[in-house]
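Structure incoming, see below.
We just call them A, B, C and D in the order they show up, numbering each chain from 1.
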């Protein structure tokens, strides 16, 4: 491989994930941002030079790679248009996560080889990224007690809800507030998570309850895991640590639980464990992720690095 | 006066000031809320019973008093319509603050008798309320050095900017941020303040710079006051304390400066003083106000109390 | 009963609960605050007149009622000293919650008659208050599936952690952060909750996981309730609404979940419901409480009102 | 110069500046962190390996460079001890800013050659760094009207106040609050700023009023600058842009004002301008700085880079 940088474009760069991606690309040693589209910012200067353009003017056939960060509904379509124009593609929306149009679900720690060979990546959602990496070792080991559901109680900062001007996301509404939403397994990430868990083997039943936190970024998932047999914190650490040995973007904590501060600004999922002393075995797993990095733009770059043959964490803070 | 409660209606109750007003009225011993209009909330139950209705259905002629909290541009018109229907009116917008249609500028501490006799009140803006009560004693005493401008450096919580869904007011934009806006005397409160100061006597030249704070409510104004002769903190306290003796809604602090915490939840402006030791005399005056109470809904009720002959602070936390 | 107000004292008034209590007492129509102790504030003026004094100077025998808000370890002892001096007593610490020295656990909605007859009240903890009122109807009805644990995932604002100067509670540590603590049923409220549940009948096994929220006040508890048979949201509402019919300090929501905003500033616990569609029946119950009001100082006043024969919500915002 | 990295130690690494420094050093390509002292963290692992040690065990003579981040009072003394042991030294406290013991005031944009030749650097305070870079061009040009004071109204995030456990810095005290402190030119940065301005030429009289913001990091200074003659925003931009041409750590904005978001995470001071239309000429200058980077740890690294002959922004985000 020669050292000429590959070129990239970002479609739909107005939102928080798009903005994060642009900042990552500005510092990426092997990817050069050729264009970014934003109707709102059209004409303004990009970090690193160049200007925002309208999406209709995006030269899809002139770049090696396209990231699509448009709203769900539009994003997948543009992603496929870019693929048809010859670019490798990472779609950050949920449009292609079901696997339509041959898109590969881009969670490298679980399906790295498929990512390496892909031309179109469906970048996972932020909540599922943390939940899947937290659950995979125990699902694969067949240790979950299938008679009791896994409880996933999650909390996310507001950038996970996007940058559209909605009253419910105003500072005056969110500050000094905390509330559940999408309860009763009605959040759009529930089917995504269920499908991905099924790919790992026997899919456990689960309840997923997200909450909105008055912070800008970061997700914490407190997971109540019913087990077939007891597993103390140390044994849990061993199982997860072994599963993720050598993984640069998973941090397995020992005798410690992650918090938002553990992960914000980093392209990692961090997990920690505590046994709960009950009649029936239960393990408490806490997972944390920066929703804009490993939960969105960072993971998109990680996937792009794999598709293009770069070192996996090139240009990423870990 | 008999004890039958007077009846009131609120037009435009969706915003922060309207919501605050509805809560105040629910606890007011002499005013009964008959209706509140909100297109967004139409059909939902009001605190204290009744339901939100559409503004077009507001029975303006069936109540003793109407508060109008619509956006500027619409509010004044509806206020005058209510006045024509026979109601006493308090308009919380800026539409009538210039005195059009005979509206009285409703700052009771400075112009109480005019308020008492009014049928239409233009309720002052939040920033001017604090600035005028902070400046009035020294303006009336003729102590300001007219060769140097008064500097009013102000900061406001986001509810002062309204409840419309604007990107710049999202939690993701406002949290961990602080910025100036409307600089160079371009804020819409500048002419209101200038006009009101002129009514007090010789109008000083001033610079007003508002900033947006990542808090929900409260305004702090740090005022640099150039004086013709030195005035130390204690002498300043005497001048202000004497000016506002007996005023229930002004708190003059001695050897202490107010902060947001001093005033949030209370219908008061609090002021404090420190002398600055320079060649030319300067007094630092810090004023604080809850933008939704004494800066909006609370002052509206205070004005209504005066118009209807109630005790001035009836139903108000002071 | 004549109209002469009863007199009260507050021991340990420096913290958030003590400060809240002082504000409540300043507005209470039948209780007059005679003294408040605070080593830090000694000599400063109390709202409503009087001055803070040192605890050693507290005239325990000169008041009808004493509230003790000292830290756990000291508080119970002072409470008993006040009782020995002849005062009715409400202890806000955990010292007497196990029932020692004949103290009555003061949760009026569950044990009102015992509260009415008590001379010493152990005021419940903030987390247990919400959890107990959320769980009592279904525990009493015997509907919980005892083979699966109840999961109580809770989040609290920082005033619940007290006002001591600890690094972990600094703004710089708490803002933009969210973390679990006291996990694995190690929080000090776990035994209190277990004991109180046992008093209600068959005690379910449960897991309690608190988290620290970057807000000043308010607690939300998301409770995953395993049931013996299905109960949909409407049926749940009926069960809870009937259980709490006429209760002024419990708000049972229909087709809606409470959030912090529902309860902050009010002496209520609010609860709402959603069924979760799984193989084994599960109901999601969300409960919210203002940790300083119904979770501490407000409930203390509610208990005092009952002990002294006043209307139960006298002086309380509901 | 060969490529062997230089070695560095950090004394007093528990606080926010020390922690920031450690993170910067972990990514610095030419400086290797040999030790960091922290009584609180002693024994814990450092990022990049090694462990925190007690200050008494610091091998001052074994490193090329020592950063001292101890509290004022102790820091200067340890800095001089390190210098005596042969290390180049950057003291982040205020102890040596008056120039004692031959320390050079380390503001590279104004006194770069002195920094290059220094062995002991007194790293400037956060407020003065922003104020000096904002004022230097106009002070040097002799444009300030000496008959009127410069007003510097400033606001800082809480990490600027340190990480000691003080009640006034608790989340419960700082959130939803905003207050002035150190008013009347009593802040400890006032003499530092006066001394440094005097070094630039005719020192203007000024008033400096800091406020505490409910954000973690970032300082904004709103400066009211009385001029001898009018200077519009464009002319101001030209003057400042020319003064700072080629400076990597000063960003001069055109037709735009900086906010916290402009600078947080970057080792820069950003400045912008607006003319105020008054009888006597006034320019509004807004300056922003990340108090932990260009306001502390970042500037310390910038100074170290200069002392050791590295590129000035090596290892620094700009």
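Criterion: contacts are C-beta pairs under 8 Å (C-beta built on N, C-alpha and C of every residue); 3 or more make two chains touch, one makes a residue touch a chain.
Note that the structure is predicted; figures quoted are calculated from it, not measured.
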Selected pair, out of C-D, A-B or A-C, that shares over half of its residue contact pairs with B-D: A-C
Higher-contact pair (C-beta pairs counted), A-B versus A-C: A-C
Subunit A-subunit C separation of Cα centroids, rounded to whole Å: 39
Distance between chain centroids, defined by C-alpha means - subunit A, subunit B (Å): 46
Shared-contact residues (touching 2 or more other chains) in subunit A: 175-176, 214-216
Subunit C contact footprint on subunit A (complex, rising order): 147-149, 151, 153, 155, 157, 175-180, 183-185, 205, 207, 209, 211, 213-218, 220, 222, 224, 257, 259-261, 264, 274-280, 282, 284, 286
Subunit A partner contacts - residues on subunit B that touch it in the complex: 16, 158-159, 163-167, 169-176, 214-216
